[in-house]
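Note that chain A is present in both complexes that follow, paired respectively with chain B and with chain C.
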Partner chain A sequence: MSKPKVGFYWCAACGGCEEAVVDLHEEILNVVAAVDILFWPVALDFKREDVEKLHERELAVSFINGAIRSSEQFEMVELLRKKSGLLIAFGSCSHLGGIPGLANLFNRESILANSYKEAFSVENPQGFYPQESIQVPEGKVTLPALWNTVKTLDQVIDVDYYLPGCPPPVELIKEALGAILAGKLPEKGAVLAPDKALCEVCPRKESKPEKPQLREFKRPHEIVIDTEKCLLAQGLLCLGSATRSGCGSACVNGNMPCTGCMGPTSRVLDYGAKALSAIASLVGSNDEKEIAAILSKIADPTGTFYRYSLPASLLHRAYKPEQGGK
Partner chain B sequence: MKREILIDPITRLEGHGKIDIFLNENGDVDRAYLQIPELRGFEKFAEGRPAEDMPQITSRISGVCPTAHHMAATRALDDLYKVEPPDSAKKIRELIYSLFFVEDHALHFFFLGGPDFIVGPTAPKGERNILGVLGKVGMEIGKEVIGVRKELRELISLAGGKVIHPVFGLPGGVARPLKKEEQTKFIAGAEHAVKFAQFSLGIFNDVVLKNKQYVDWILSDTYTHKTYYMGLVDENNRVNFYDGKIRVVAPEGKEFLKFKPQEYLEHIAEHVEPWSYIKFCYLKDIGWKGFEEGADSGIYAVAPLARLNASDGMATPLAQEAYEQYFTTLGGKPVHHTLANHWARLIELLYAAERSLQLAKDPEIVNPNVRTIPTEIPTEGIGVVEAPRGTLFHHYQTDEKGIVKKANLIVATQNNAARMAMSVDKAAKGLIKEGQVDDGLLNMVEMGFRAYDPCHGCATHCLPGQTPLWVRLFDAEHRLIQEIKHNGGL
Partner chain C sequence: MSTPENKTNGTPRIGVYVCHCGINIAAKVNVAECVEFARSLPYVTVAREYKFICSDPGQELIQQDIRDGKIDRVVVASCSPLMHEATFRKATLAGGQNPFFFQMANIREHVSWVTFDKEMATLKAKALIAGAVMRVARHKPLEKTRVPVNPDVLIVGGGIAGIHAALTIADSGKKVYLVEKEPTIGGHMAKFDKTFPTLDCAACILTPKMSAVRSHPNIILWSYSEVSQVDGYVGNFKVKVRRKPRYVDEELCVGCYECIEKCIFKKAKFEDEFNIGLSQRKPIYIPFPQATPLVALIDPETCTEFRTGKCKKTCVDACERKAIDFQQKEEIKEIDVGAIILATGFKIFDATRIPRYGYGKYPNVFTSLEIERLVNASGPTGGEVRLKDGGKPNSVGIIHCVGSRDINTNRYCSRLCCMASLKLAHLIKERTGAEVYNFYIDIRAAGKGYEEFYDKLLKEGVHFIRGRVAEVSDWTMTADEEGKLVIRAEDTLIGVVRRIPVDMVVLAVGLEPSADADNIRRMFNISCSYEGWFLERHPKLAPVSTFTDGISLAGACQGPKDIPDSVAQAGAAAAEALALIDKGFVELEPNTAFVQDEFCSGCCTCVALCPYSAISFSADNNRASVNGALCKGCGTCVAACPSGALQQNLFTDEQIFEEIRGVMNYV
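On to the complex of A and B.
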């Protein structure tokens, strides 16, 4: 029997998801023994035309990381959808929009102007931008069109499963590969990770406050962080109570708060709203003014609670007329 | 007949890119364009975020070198709050950073760039990769490579929370002290790293330097440009990745500039071209003169080849020996051969390994005091480190609460963008003649950029937008006869 064929591709991403696959280390040799990888630009020399030549659904599974924000990325994921039996959104950016999704707080023009006209170091006296199509002396060269709004993968094509995390934890990648190869996958649309909140499995959970008692929020640079005690109890905005587990409490083990990259559990529609309410419910006051004063210490609510999920949120993006929102 | 050849996507690098090659009537190359088709907008969406979140947000510029962005941002936060971390924290940072350099440079040599030599530049495309490398060097050596990377990456996770997108950096220190019982693991890992570095240089010596064809390619004009070179150096002008001044040497090898990170805007600027989303850095002191090499053009290079050229030596003994051998073999300083980057990278790998061993053994590394709490009101901070792929600049302006108002990032690969574009063009011109082209030759064109280990994920951290219009009309001799420009609002 021929081996199942597999593709990996990246869109608006950082390459961390590719590294996470390489972090399978010696086990990647087992993966390679079990499947044929037919597309993986970071590591293999197969080109777009090689993918175009494949039959429909010839790839048993494609793993796609990165958010979608350009015409080229859209074309590539449409192409891979056609060529793939299963398609997996791999990592926070394709799952929820990820950190590049914070660009949805602004519009394309303001970002463009920032980069090509206003940056401290740019010298562009005529103030022009890169072009989608340009006549050069030798012919015409083109660049992809960039969208005004960053999208999640399932906002542009049909997605079968999701591997959460920034990047997905190696253990979850291994389990997902095992389940795919064994044909033992859950219901379509599932997130391939434990469905418990991080706080429930956190090594510091014994010291988590049970009752609302937070009187002051601290920013991580303002205090010496205790290495044993619950971070929330120390006043830090740790989002473990709203966030799916499966990461091995990596950031907490690094003595820093959870920032929510694994996204919500299956019972939550909008991650940021859930995280905000989880934190607000721990504020130890019934006085409106006092509550407002305590919450005002949260320096950047949008960037904190929607750090990885703005495109997947109910609002998708900022809607200010001057920012070109619709 | 005129033809256009597209390499899409370019492969074995971090991030996106394509190469558009135009052939003239004779089938020779008129010009090859290395284009970067993607951008994301980090500088803009940094606005409004708390400065202390920058190390974790900007690490998402690149998941291959997250530690570099994390570190540059952390250094910028020290400067922003005018706070000096305790020695223990500085040492933990540099230890993590040195281990990162080892595993990252190893990734390039064995997974990304090295297959072109170990497997061969014109080997079938299905074999020019890590699997082909394992096939050539044997599974035992392959497992050694994989094993060392695993050990070092686990150590980075231990000290930094995560290896991909670490969380250790705070203004004035690191989040987590190292425990006494953890120190032995770091010493053991660093010892492995030193052996691994020597072993990798041995492979380079056997596979590349003993192969006359490869040496001829390295020395050939096709892969050579005489430009300025930049790198961070310590007080003795030795290579440093974490701290120091920025030194620039001229194409003939003399020191041209030496300046503090905070002075970068006096010396570095970015040029915009309509056919790529990347911005092209150049030395302001010389100016942008187009895609030209030589002392009259402001184009410069960064990363291993440039760092060795811009320094007077390495700060550790084994790396210093390797440094001397490198310049003796390649005919003295500076070395202008782009493919020599691969060798220079392994010499740096050895330095990083030796440095990590020094730091791991330092008794101060387990001092539990790893924080100086900032007390100053923040306004502006600049942090510069050497990323594996070159000099990396982070610059933030904030309000009095430390909320970012404006950010400027010049990432490693951008510094190399102009030279890299020239390298691809020159490689295409040198390799493709009379319309004869095949997969192997096109891969050798790609080797023109691959030697730099570019990170186009990094280089495209900012985001472009709608399509303004720029029409240039040329006559048959390629003379510009008319130019029409329009911006935005279309």
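On to the complex of A and C.
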């Protein structure tokens, strides 16, 4: 019997998810022994034509990382969807939109203008500016179009499972591969991670106050962080209470607050709104002015609470008339 | 991200009933169009319109459709749930279906009454109907639970309202805790000499009721005490009462006054609160001779022993019963009661807020309450109306509506000042023979025998000048104004500005919510009106109940009231409490929050949020849990739960999002 065939692909991403696969270390040998990797642009020299030549659903499973924000990415994932039995959104960006998803606070024009004209670091005397097509002597050249709105993978194609995290924890990848190879997968649409919040397994949970009251928010660089005590109780914006566990408490063990890369539990529709209302509920004051003063210490609330999930939120993006909405 | 699953038992069959409400809805909303629209919605098998669905035949339509097997869930598009949700839930139940397979779309208060355009109103009604249909499709059957009612009653405030309610309930055989913050019960009424319009002696009708309270076997009277904490819910309140130390043992003291006479202060020199500072008392005192309980108390602020520790303590020697106890400590009593009546009264308007009337500046400008004390036979002057220098006034001006009917202070009418002013005019004239001038805007004498009393005053030669007073001053223009207070006012009936020189000015001050009304209402979790009066559940049909089940209102804490109205309301509040107790149980709404144990991460976000202390955290299993009997279904914890482990019956995320989807998707 031939080995199952597997593909990996990246869209709007930083490359960290690819690292996560490599982070399997010697286990990757077991993977390679168990499957045939037919497509993995970051590591192996296969081209789009090679994918196009595959039969429908010939790939047993494709892992796609990165958010979708260009016509090229959309075409590729549509193609991979056709060629794959199972399609897995791999990492925060494809799961929820991720860091690139914060581009949804702006629009295409303002992003391009900033990158090519306005930013302090731009030196562009010839005024180069991305075009989707241009006529050159040899003929017409086209480039993929940058979308106005960054999308999650499941907003553009059908997704079977999700591996959350920025990047997905090695343990979860191993478990997922094991489950796929053994054919023991949960109901379609599941996030392949525990469905409880991080506080459940937090090594510092003993020190969490029973009635937390936050009187001051602090950023990690502003204090010497106690290595034992609940980070939230120290005034740090730890989002572990709103975030899926399964990461092995990596950040908390590194003495840093949880920033929410694993996303919400299955019961929560809008991660940022939930995290925001939970944190706001803990502000220990009944005086409006004092509350405002306490909350004003949260730098960049949208970027904090929707750091990984703006495209997956109920609103998807910022709606300002000048940004042209969707 | 995946959307919540649709979990229904089989395909729902929904009946939609759109009400005309006479023309209340039908004049603005195209009802036939709404019905047609409802038929096009998912799950809808029956859609009907009816003139009044709340009527018996209207409800019968619903019941028959359920019995015929046409529908198993009901949407009524009519008025507000506050009005008729209970009605239609009962109808759903009577048809044989779980009463919570019902949802209301409010197309009257939210649509027809507030929308000008007929087309827009119809569109809005359709959206709300679609929301209700999508929501009810996700409803789950729920059961109300019954809990027994504690038969004891707490009454807060020992004025005439609290006293009357306490006696009514105690006479029926139920136990009453009457908590009064002052050292004695009696409230404002105990300060009055006569009552209008009958001029019967206030003390003669009040003090028998006060002593009845004291001796009643079913009443536990805690004076000089305040409620400090209230937990629980209708039928099962847990209340903490703070008993302030009197430094005199209430059980031992018989009120013989010996200690007061023997106090090292030979002369009384401290402001007497009961006489509003018009007389003096000693550090150990009894507020007034009929005080109930008749027990002395020591004011530690003025007592030499408390201030220096070096008093000869002649009071202790004087007390044969050894009742004086300088070591007495504040005591916290914890009680369980089923019903609560708030009768916390009012405070009088602070007349210094209108400086042009000269209160606090001219010694002979008094408030009406001060005059009540002066005309009182057991008051500081033995019932003689005297100027500050002891002289008798030959002329007195009474200014009405001070702090009432005035956009600068209070817009409302304090209701009783007109009659109280007439009463005082009569008493002052009777006691001093002075010329009495009433400066009024309107005389409001709308009570039994009130107009007749006004007539009587007119015949007695009391002067009435219609117009708001501009100012009271000692600036004189003529010789006969010399040494007098001049009241300048427009006499609107003859159209001139008049200057009336008088010896004494009485300000008929209005009523305001008591100083601690805000604290009280927070503690008991009840609402207030714009002015701060405690808010009744319905201004016409539930004037003594509040939005917090089990708590009712009596007397002026709900708004300005005279004695007969306060007593009547106290009776009604007592009836509310007795009805609850006699029923013996309360049904708890099932719209409570619950923790899904398997999902709770023990993050504790919810624990401190619950206003009803219904959430507890167990460190043993690292889980929060909700006590369903204490939960009032406010949803605060559910909104805050960061991992969605807390959900609320009737308000699950699924139901709410489906409702939103319904509102957004179909019109």
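Following the convention adopted for this analysis, the second predicted complex is superposed on the first by the 314 of 326 C-alpha atoms of A that agree within 3 Å, B and C clash if a C-alpha of one lies under 4 Å from a C-alpha of the other, contacts with A are read in each partner's own complex, and residues count from 1 in each chain.
Please note the rule applied: contacts are C-beta pairs under 8 Å (C-beta built on N, C-alpha and C of every residue); 3 or more make two chains touch, one makes a residue touch a chain.
From a predicted model like this one, the values you see are computed outputs, not experimental measurements.
K.L.:
Just from the overlay, do chain B and chain C fit on chain A, or is there a clash?
P.N.:
Result for chain B and chain C: fit.
K.L.:
Quick check on the superposed pair: does A:292 touch chain B, chain C, both, or neither? Answer first, second, both or neither.
P.N.:
Neither partner.
K.L.:
Is A:225 touching anything from chain B or chain C once the two structures are fitted on A? First, second, both or neither.
P.N.:
After superposing on A, A:225 lies in contact with chain B but is clear of chain C.
K.L.:
Give one of first, second, both or neither to describe whether A:111 is in contact with chain B, with chain C, with both, or with none.
P.N.:
After superposing on A, A:111 lies in contact with chain B but is clear of chain C.
K.L.:
On chain A, which partner touches more residues: chain B or chain C?
P.N.:
Touching more residues of chain A than the other partner does is B.
K.L.:
Now for A:136: first (chain B), second (chain C), both, or neither, which partner does it touch?
P.N.:
First partner only, chain B.
K.L.:
Once both structures are overlaid, what angle do chain B and chain C make about chain A, taking C-alpha centres and a multiple of 10 degrees?
P.N.:
Result: 140 degrees, to the nearest ten.
K.L.:
With the two structures laid over each other on chain A, which partner does A:152 touch: chain B (first), chain C (second), both, or neither?
P.N.:
second
K.L.:
In the superposed arrangement, does A:41 touch chain B (first), chain C (second), both or neither?
P.N.:
A:41: touches chain B, not chain C.
K.L.:
Minimum Cα separation, chain B versus chain C, post-superposition (Å)?
P.N.:
Across the overlay, chain B reaches chain C at a minimum of 22 Å between C-alpha atoms.
K.L.:
If we count contacts the way the header does, which residues on chain B are in touch with chain A in the complex?
P.N.:
2, 4, 7-16, 20, 22, 30-31, 33, 35, 37-41, 43-45, 47-50, 52-53, 56-57, 59-64, 66, 77, 81, 107, 111-112, 125-126, 128-131, 134, 143, 146-147, 149-150, 153, 157, 160-168, 170-172, 175-177, 264-265, 268-277, 279, 281, 284, 288, 371, 373-374, 395, 401-403, 406, 408, 410, 443, 455, 457, 462-474, 478, 485, 487-488
K.L.:
Would you tell me which residues of chain A are touching chain C in their complex?
P.N.:
Residues 96, 152, 154, 189, 195-200, 205, 208-213, 239-242, 245, 264-269, 274-275, 277-278, 281-282, 312 of chain A touch chain C in their complex.
K.L.:
Using the touch definition from the top, list the residues of chain C that touch chain A in their complex.
P.N.:
1-4, 596, 599-605, 607-609, 617, 619, 622, 636, 639-645, 647, 653, 657
K.L.:
Which positions of chain A touch chain B when the two form their complex?
P.N.:
Spelled out, the residues of chain A in touch with chain B are 10, 12-20, 22-23, 25-26, 28-29, 32, 41-49, 69-70, 72-73, 98-100, 102-103, 105-106, 108-116, 119-124, 126-139, 141, 143-146, 148, 166-167, 219-225, 227, 250-256, 259, 299-300, 302-303, 307.
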